[in-house]
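When the chains are written out, they are named A, B and C in that same order, and each has its own residue count from 1.
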Amino acid sequence: MRDRAVELLLLAAGLVAVFTTLAIVAILLIESSAFFEHVSIVEFLTGTMWTPLFADARYGILPLVAGTLTTTIVALLVAVPLGTLIAIYLSEFAPSRLRETVKPILELLGAVPTVVYGYFALTMVTPALQWLMPDLPGFNMLSAGLVIGLMIVPYVSSLSEDAMRAVPRYMREGSYAMGATRLQTALHVVVPGAFSGLAAAFILGISRAVGETMVVAIAAGMQPNFTFDPTQPAATITAYIVQVSLGDLPHGSVGYQSIFAAGLVLMIMTLVFNVIGFSLTRRFREAY
Amino acid sequence: MMDSSTMARAQLPPQVGERSGEEHSLRNDQPVPAGTPERGESPKISVTVGDTRKVRTLEVKAAVENLSFYYGQHRALKNLTIPIADKQVTALIGPSGCGKSTFLRCFNRMHDLQPDTRYEGSITLHPDNLNLVGEHVDPIEVRMRIGMVFQKPNPFPKSVFENVAYGLRLRGVRNRATLAEEVEKALRGAALWDEVKDRLQDSALALSGGQMQRLCIARALATTPEILLFDEPTSALDPIATAKIEELISTLRDQVTVLIVTHNMQQAARVSDYTAFMYLGELIEFDEAAKIFTNPGKKATEDYITGRYG
Amino acid sequence: MSDNPAIATFLDPKLVRDGLSRRKVLDQVFVIVGLLVMLVCLAILAVLFIDLVRDGSERFTWDFFTNFASRRAERAGILAAWVGTTLIMIVTAVCAVPVGVAAAIYLEEYAPKNWFTAIIEINVTNLAGVPSIVYGLLALGLFVYQFDLGQSIAAAGLTLALLILPIVIVATREAIRSVPNAIREAAYGLGATRWEVTKDHVLPYSTGGILTGMILGLSRAIGETAPIITIGALSFIAFLPESPFTSEFPFISFGWLNDPFTAMPIQMFNWVSRPDPAFQSNAAAAGAILLGMTLLMNGVAIWIRYRYRKKINW
């Protein structure tokens, strides 16, 4: 009898996770639907102006999506090659002592608060970039994207390294026995063998970059700007939500509701990446 | 320095280096530099065939002499001396943990992939007089000349075709027609061509276990290795697939020197020409398979093959 | 040797050696490139961290910890911020740890293998991937307005508790899973109920892993900025929340739960956003302290994991 009560209590705790998801979806949908009573979905999805705080408010999400995609792409251009390279090095080349030292450091780097990375972007990386490109504005997506990229390198390389370590040893031995070098084994056998695991690492990295908030809020400027030029200042979806939250929009106003609509778009974007990423990971685990 | 051929004769029933006074005989005191292997005449191994007492002379493909192997401080192989006859099947048997796989993996230097391992003695590959375990000999070069088939079939996560073409691609072969020709030849050699000729582009991981193992044999054959090593190649397979592999090994004898580790004594008796019985890292007995399995010279060998331990 | 002249040259042992040396050079080049890239990445991050500490070093005084925020950079401090962060962490830990551990126990020890359990598991996995700012939106709609908690410490603590719940659950499940089944079977064999097995055996043996997960979760929470900005944390606060300790019985009060607050990352963000460069030093100092706190927590977590791993040898 008491055992049954305990079980129900534990089940209730498990259900908190389910309720959290439901609550997220419910809140986003309820507030967004209130938003869409004022703004047409067509304008929202196709408009190229996002000026909810102006007297002449316009609600086209495309500038925010463009900002999000641009910073994400810059971040990936940094994180994917560097992350993969480091993962290959750690998994196939590094002596085990070095690997055992670097792995915890990578984990530690993943725990650094993102607001600290934002500080780096604004006060260190941007001045360095301005030294190279004198015309670069003080707020720009390039700096934010580079720092996000650097920030997720540990995450991507740690996940990729796990995926490559999971390729069984007999597979590598087969290649070495054919007279392959370590590089040939890594590129021709280990990377293809770990492919879905690597893809999952990249996609989860994308999801991180898309959802990243503080770096872009601090370093990219918070001006919605419909451009894919990384040297320009722009706002991302996340930066816009922060910007509105910092102000004093009354509860229930269209501006207040707009952050939920933006959040819904963000949620859908990351959800798609996460579902693909996790299902790839699962498939990869089944393969071995 | 003691003439090693004399020593080998003293220990081993099949007389190695029968012709006395051979200058090129199996020395291990002077490792041949990697850059310039000098091809020499191979030492000979003479055998008596059947009860006709007819003497046949075989060439030695690889001469193992005083080979010891260490994992850190642990000496896993102790002073092995065995001649491996050219184009013959030599089987290594013994209870598990006796070092037979460790010994096999010395031939293609797989131990070099682990840190803190060390070889002593020599395995001289003839006719190039190349010491396979020599300090200055590149393990990758060794592996390019010595093929290996593993216990668990381990095709790469690639197509059937690419698996077989792998070794040639490593060596820089790019010509599509040449690759196709060689892949077909290797697959035929491994008795797999008819089964996979219509699915060369399918993933190798979709094949059955026995087919995978024959694919691994084809993969090794494609680069025409001088010695082919088998590490318990049938232990993960069903009896029918096992029979096919055994049959294949018997036919391979014509093209390549085969060294096979097996825990299955019937298998050793069926496929091998020569058999070495090992125990606790030492060679107990080496002889023609027929003799080992009918009239072993040592008590320990007899105990093992009659199933008294193992 | 192959009889095919087209590939004979590729297989000739003598010629093979030439190709091999080229391949080995490539191999060596990669070793150097890989090591270099890794070291450069780590070095860039190290330089950034060192710069952060150096920029903030002039603010590392006692006053910095005991002063409230101020319009004058050199007089501004982080008193309200660190007190706020501490109180929020208490709420977060009190909420997230029991619920997370309980959920993990349910999933590992009790849950039947059916679609319902699968839904819970998928939920936990997906929640771990939800951007933190979305938790902020959830909190804004649910805690701040629906539950009418306002922009309070309670709302912030609950938000971060939900945020780290998946981390605690995943870490606890891993710890529980590493307890060998033989132990459970031994206890069941003696007639223990499922709860007794869990409470007397599974939980004590997985304490290390659970602690690690808890600390890692809290170290994530301590640095989270976006969700508490979203619920509307004030960044300029010149007062402390109501003290949790009182002079009268029962000597403890929960009034602080409803008080407005600021927190370390918010304070840092506020300073970073100011154009006056004098505030950048404050931001750097706050960042260095925040960084120190998260690194310390992670270090402790790694240390605990290591210690428990050494102590228990299954």
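Brief remarks follow.
Basically, a contact is a pair of C-beta atoms (placed from the backbone, for glycine too) under 8 Å apart; a residue touches a chain by one contact, two chains touch by 3 or more.
These figures come from a predicted structure and were not determined experimentally.
The greatest number of inter-chain C-beta pairs in contact is found between A-C. With respect to chain A, maximal separation of chain centres occurs for B (centres as means of Cα atoms).
Inter-chain centre distance (chain A to chain C, centres taken as mean C-alpha positions): 16 Å. Centroids of chain A and chain B (each the mean of its C-alpha atoms) stand 52 Å apart.
With touch defined as above, residues shared between interfaces to two or more other chains in chain C number as follows: 20, 23-24. Residues of chain A in contact with at least two other chains: 179, 181, 184. Looking at chain B, one finds that residues 140-141, 144-145, 170-171, 223 touch two or more other chains.
Those residues of chain A lying in contact with chain C across their complex are 2-3, 6-7, 9-18, 20-21, 23-24, 27-28, 30-31, 82, 85-86, 88-90, 93-94, 102, 104-105, 107-109, 111-116, 118-120, 122-124, 150, 153, 179, 181-184, 204, 207, 210-214, 217-218, 238, 241-242, 245-246, 251, 259-260, 263, 266-267, 270-271, 273-275, 277-278. Across the interface of their complex, chain C is touched by residues 34-35, 37, 128, 138, 140-141, 144-145, 168, 170-173, 175, 178, 181-182, 185, 223-224 of chain B.
Interface of chain C with chain A (complex): residues 20, 23-24, 26-27, 30-31, 33-35, 37-38, 41-42, 44-45, 48, 51-52, 55, 98-103, 105-107, 110-111, 119-120, 123-127, 129-138, 140-142, 145, 162, 165-166, 169, 193-195, 216, 219-220, 222-226, 229-232, 265, 268-269, 272-273, 280, 283-284, 287, 290-291, 294-295, 297-299, 302. Chain B contributes residues 108, 110, 113, 115, 140-141, 143-145, 147-148, 150-152, 154-158, 166-167, 169-171, 216, 219-220, 223 to its touches with chain A in the complex. On the chain A side of its complex with chain B, the touching residues are 95-96, 168, 170-171, 173-181, 184, 188-189, 192-193, 195.
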